[in-house]
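Labels A, B, C and D are assigned to the chains in the order they are written; within every chain, residues are numbered from 1.
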């Protein structure tokens, strides 16, 4: 890779790091991506409401008009091109395609673009602070490497355009919002962007491999062990009462939540594989001398396959209903839906392996392995595979200073250059000249 | 009271003490009562199936034909008159009436006749053993004074016959089975024996008064603080499974019972008065390496008034249903029904007070007070009062060696003579010549 | 009472209503009280650190220097006299005494002065809003009538001064902070102001009598049914972990709190009387996908006597320790101490009754009864009685628009005038001329 | 195999099936084994107290002298040789050895001999009934195939003696009691019979292979997935009290058990592998109207490795202690110890595979796999491996009519003949001529 491109990629990463945006608010990021792609020569770029099916966004997380306006104004204030911001219609996400005009497979790449809610420290010795790209948006930080993913996507776009004469088939770049929240992948799938894809590639930097950090110069060609992930917010709604007065009039939502939590953690295991459940939060009651009339319980459960996830869901709902009944309280559930399991295809993993071999930086190429975690890329993988295409999720090693999701997470930026090259090499392997 | 009658009363008490019978098995006791009453001159004595409505007996405690036969044979073996045993039809209980033929109020007395399941000790220094009237029926003992109550009833019968020329109105004697179990009072009420009663008297020896034992020479003229009492057996029915195999197939009845027990004990108090609940027993599971497919939970709850009892019942049923749901198990409930609360009438209490004043033995006459406990005499009291009559439950003091329900309970037998006189005096006060 | 004084009393009430202050922040209120008393002729007025023992304030609720300064500056901004504000030393509370110089009993009155945390509505039809005395301090409101109590205290002070020639003995006025929080009464007791008191009077407006609101023209001469009240904040401190990763490393504080809550509500009743316990709040966990490493549980328990309170406390501590152990978590407890039970003296109740009879406004004078609730006036009552004095807590009726502690609570201000007169009449009854 | 031997093996199996004996009561079985081995020419046979270290038997399951005598008499009544019964000293188990006198490896085989507590049905169509070998000992049944294992052991003994000239090294046959209970394997290990073993073989018929039944003509050469297994009986000891009286005096053992059960089932999983826990039984309380003063809770837990088992044990003990504390009750634990995990050696599995290849009946030879379950053969395997020997546990396929542990379990007896041959073939493979 030429040095100038390498510097631009790192520059992109730092720019996005400086202006991190939470899920469904990535307006500046999206506008900047579109602006850069346009300059590179991409045409017919889809942004915001054209890049995704806005109906597919979970109602409980959808921004209202006022909130959208706030974000659009902020994006412009932070340097986004007003034209592109307007085009977003208040929704993030970008889809760009380069059609070589020559017969060949359709290849799609997915890059996630959102950041996390946490406070990035203003601390000497911490590179983003020392080198001036620390977050300008309070309580928002790119602690999951999506700034790097976005930069790889833009680097890849430039390489495509630089080599456009040598390529075949169609190449689609999906800059997806809201990986850390919900509906990001779903909304692009719902718009149909995965229906005609022959090969789908998604990636992450700084993951682990078989319970060890995957460091610089390493790559895992594919992950097949995604746990499904469901999340529910349960609102128990009882009736407050004075505990020393007419306590018989109370309907104790706090005790309903406690009964539920104990029973949820006691759900029997499933013989087919891993089932993990957690009641992560309970917030119940409004005063020490009031029988608690309400309680919020937040829980998630993950399963190694669909049978397990279905079993878990049935048991979870039984327990919530039973526990509510036990205290005579009502309940409602906000269901954030399921991030499904997925499997990487063997053929695609081999392509990633070959593409990595051509990049000097990669010294350690690991085959299929446990890269850990949950990623809604699985929604796209499943759609591609249902339609007959191949899909893979691979991991790019990077030395890291802190674990993922830590507010001081930083990584070896060389990984971005190697990752960009790897992505580009894939094109030649699938559609060779 | 003449000495011979006093000795007979004590003799009766000791005979019944020697041959105690559990609830619904008081065949020997009933036959002996009938035999004695007949000799005294009572006519048209009702026994067993004529003394009560057999349909009113809770199905879960009803004896089958074989069991009845066993009891009838045992009764004969233990000296009961075969004629009367046959007449019982396998049911205990006796009702005898003396109609003076002269206009006057109808006065009913209730004496309970059953014993308790416990092992009476063969121990020197314990009077029933030393004086040869210790229980001949293993694991059955008169530890609640009903042997004495029965003796008072027979002593009263003799005094009525001795003084028959001086009396007015009708006098009915109810020897009731199964006070310690269920349906005893109900079955006599259902037969109509309380419908036409003007004054109803029920009594107990050896109770307490305002949390202190009520000793010899004392009497409390009436009790108005009965707690209602409900008892349920709950059968949770789940599905067994291997805990290290397909544990997801299990439906854990043990955890349902545990969830229920904790929530039941956590029922909020009621502002109107005492509510006491107890899960007294849980028996769950059949093997340590089997997910428990079944559990039996036994519970009772008591309330100071009907609002409280109704509230408790609603909450109990909610908790059972909810807890079962929590583990996906079914349940069924054996409901033993309710022993209700009751209040003694002021007028009747005054009658008891006057009747006691005429007995030298009574030195301490206490007005209405807390005599403690639960007694199904309340079922009869409620019926009498509904029909316009007056009812009372009073306490006869007696020095005791052990608390009620202790297997070594014994008491000052002089109380029986004084109690008999008191009962007789009532007749003259209500229907004076 | 002359009209001008009546208007002044109502004016005081409205002024304090407009500038409500939370417990331990009543600097403006205290400074204004001192300023008014000084103008009336009281000498040697004790304020702030001279009115109470600052060491007796629970450490967890004590303001730091910075916070005190904020409150003192605000008080001045809101019209308090700078001289008196400075004298407070940052602590609220005022004690003033008038010594007649003539032999006679020492009589003390206690008036509580703090407000509650809630948002008073700016709503037409709500008198404080319509008439311009709605709270100027956001989220603080006089919803418990202490504005009225303070006004009565100042009205009484003026009547004392107006009639100073007719009085005997010593009269002490205690304007107590922090009744709604902790240590208010304790800190004045610790300073010794109750040690030499012969008669102690405390009062409340707008309470209930035997479960019915005590309306205008009514008075209850004394309350003897205070439940003791203990409050604890329990912090369970475990260890967070990833629920789908090394979950065995977690120590689940949320489940410890749930186990505790269920067992706390299941504490067995006490035969000696009422025991009421409530776990009012649980706040556990920081994220749905994190095993909860911490939990805060807020609970209170009340008992009808000390045996019950001691029993409850022992059981509460056992359950907290056991539940923590169950999950392998640590805990610490912030104990807010106990507001004790107390009994009004018969003699004092009779004095209140006579004093009320002399006030035309009082039509319904009820003897000793249940006025409900908990009030740390009991700390003062107990001290007075220990030292041989007499104490009483009485209730002044008032039509109210909302129950106490409702953010829109308002009341019939006529009750303040009647209350002031009643308080003054007491002086003549105890120390007649 | 010659037909006569085959018939004898099946005859043995049916004889043992007809006289099943529970753990530690296998006196008839042991005496018969010794008698048969002696007739075959084995010398110096060890039986009962000579076959095992009686001190190694867990005290809670050891028979007393009276019980031993009962079993010895019964054994004689059921046809056992009196000489051998006497030699048992009231303990089951047999060890026999044939020393070829020629240098070579020491090879040990283990056959378990005990039956299970259940009622075998007298039902037409059920072969043991139809063919006259249904259990003669009420409520005892060979439902786990140990009758077959014993028969294989005796068949192997006969083949050894028939071929004694061709063999090398030493061959030891261990007929082990009490596999279904505790201390069976331990007691033989403690006696030293495994210390000098070069190759150890243990087997089971009718198991599964990778979650499918292992049917006739199949064999699995080795199992390496044993879960460890711990079992505890927990006795919570509180204090009974009257629930409507002085309930504060109670210490509720039932609620302690319920709290423990819920928390035990809620123990967090371990990232290193399977952890399965079950509270299989709770028996609490003695009467519905008594606060339960005692509770027995039976639980087991299994883990995939020692870290997991240690973690589980630590958590179990924390929960028991914490739950007891929660109700102020004491507890004691009967710990049945641990059946450990174990791994089959590769070399031994290959030997089994080769030995199976030489038996026509085996068509499906599966390599190492999950055969399921827990077996205390692992205690012997671990000892052999610690001392430098090789050990294996293999599965012999058999068509079955019901799952293992079902009271109607029966199997294809041809498997016994093939199993015997396989065992014999091992000798030639290890110590070839």
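FYI, a contact is a pair of C-beta atoms (placed from the backbone, for glycine too) under 8 Å apart; a residue touches a chain by one contact, two chains touch by 3 or more.
Quick caveat: nothing in here was measured; it's all calculated off a predicted structure.
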Chain located farthest away, centre of chain A as origin (C-alpha): B
Angular offset of chain B relative to chain C [C-alpha, multiple of 5 degrees]: 180
Interchain centroid distance [CA atoms averaged], chain A/chain D, Å: 51
Mean-CA-position distance for chain D and chain C (Å): 71
Sequence positions of chain A contacting 2 or more other chains: 243, 245, 247, 252, 255, 259, 262-263, 265-266, 268-269, 271, 274, 276, 291
Contact set on chain D toward chain B in their complex: 227, 231, 243-244, 247, 252, 254-255, 257-259, 261-262, 265, 274, 276-292, 295, 298-300, 302, 372, 374
Complex contact set, residues of chain A against chain B: 241, 243, 245-248, 250, 252, 255, 259-260, 262-263, 266, 268-271, 291, 311, 315, 318-319, 321-328
Sites on chain D touched by chain A in the complex: 211, 262-263, 265-266, 268-269, 274, 276
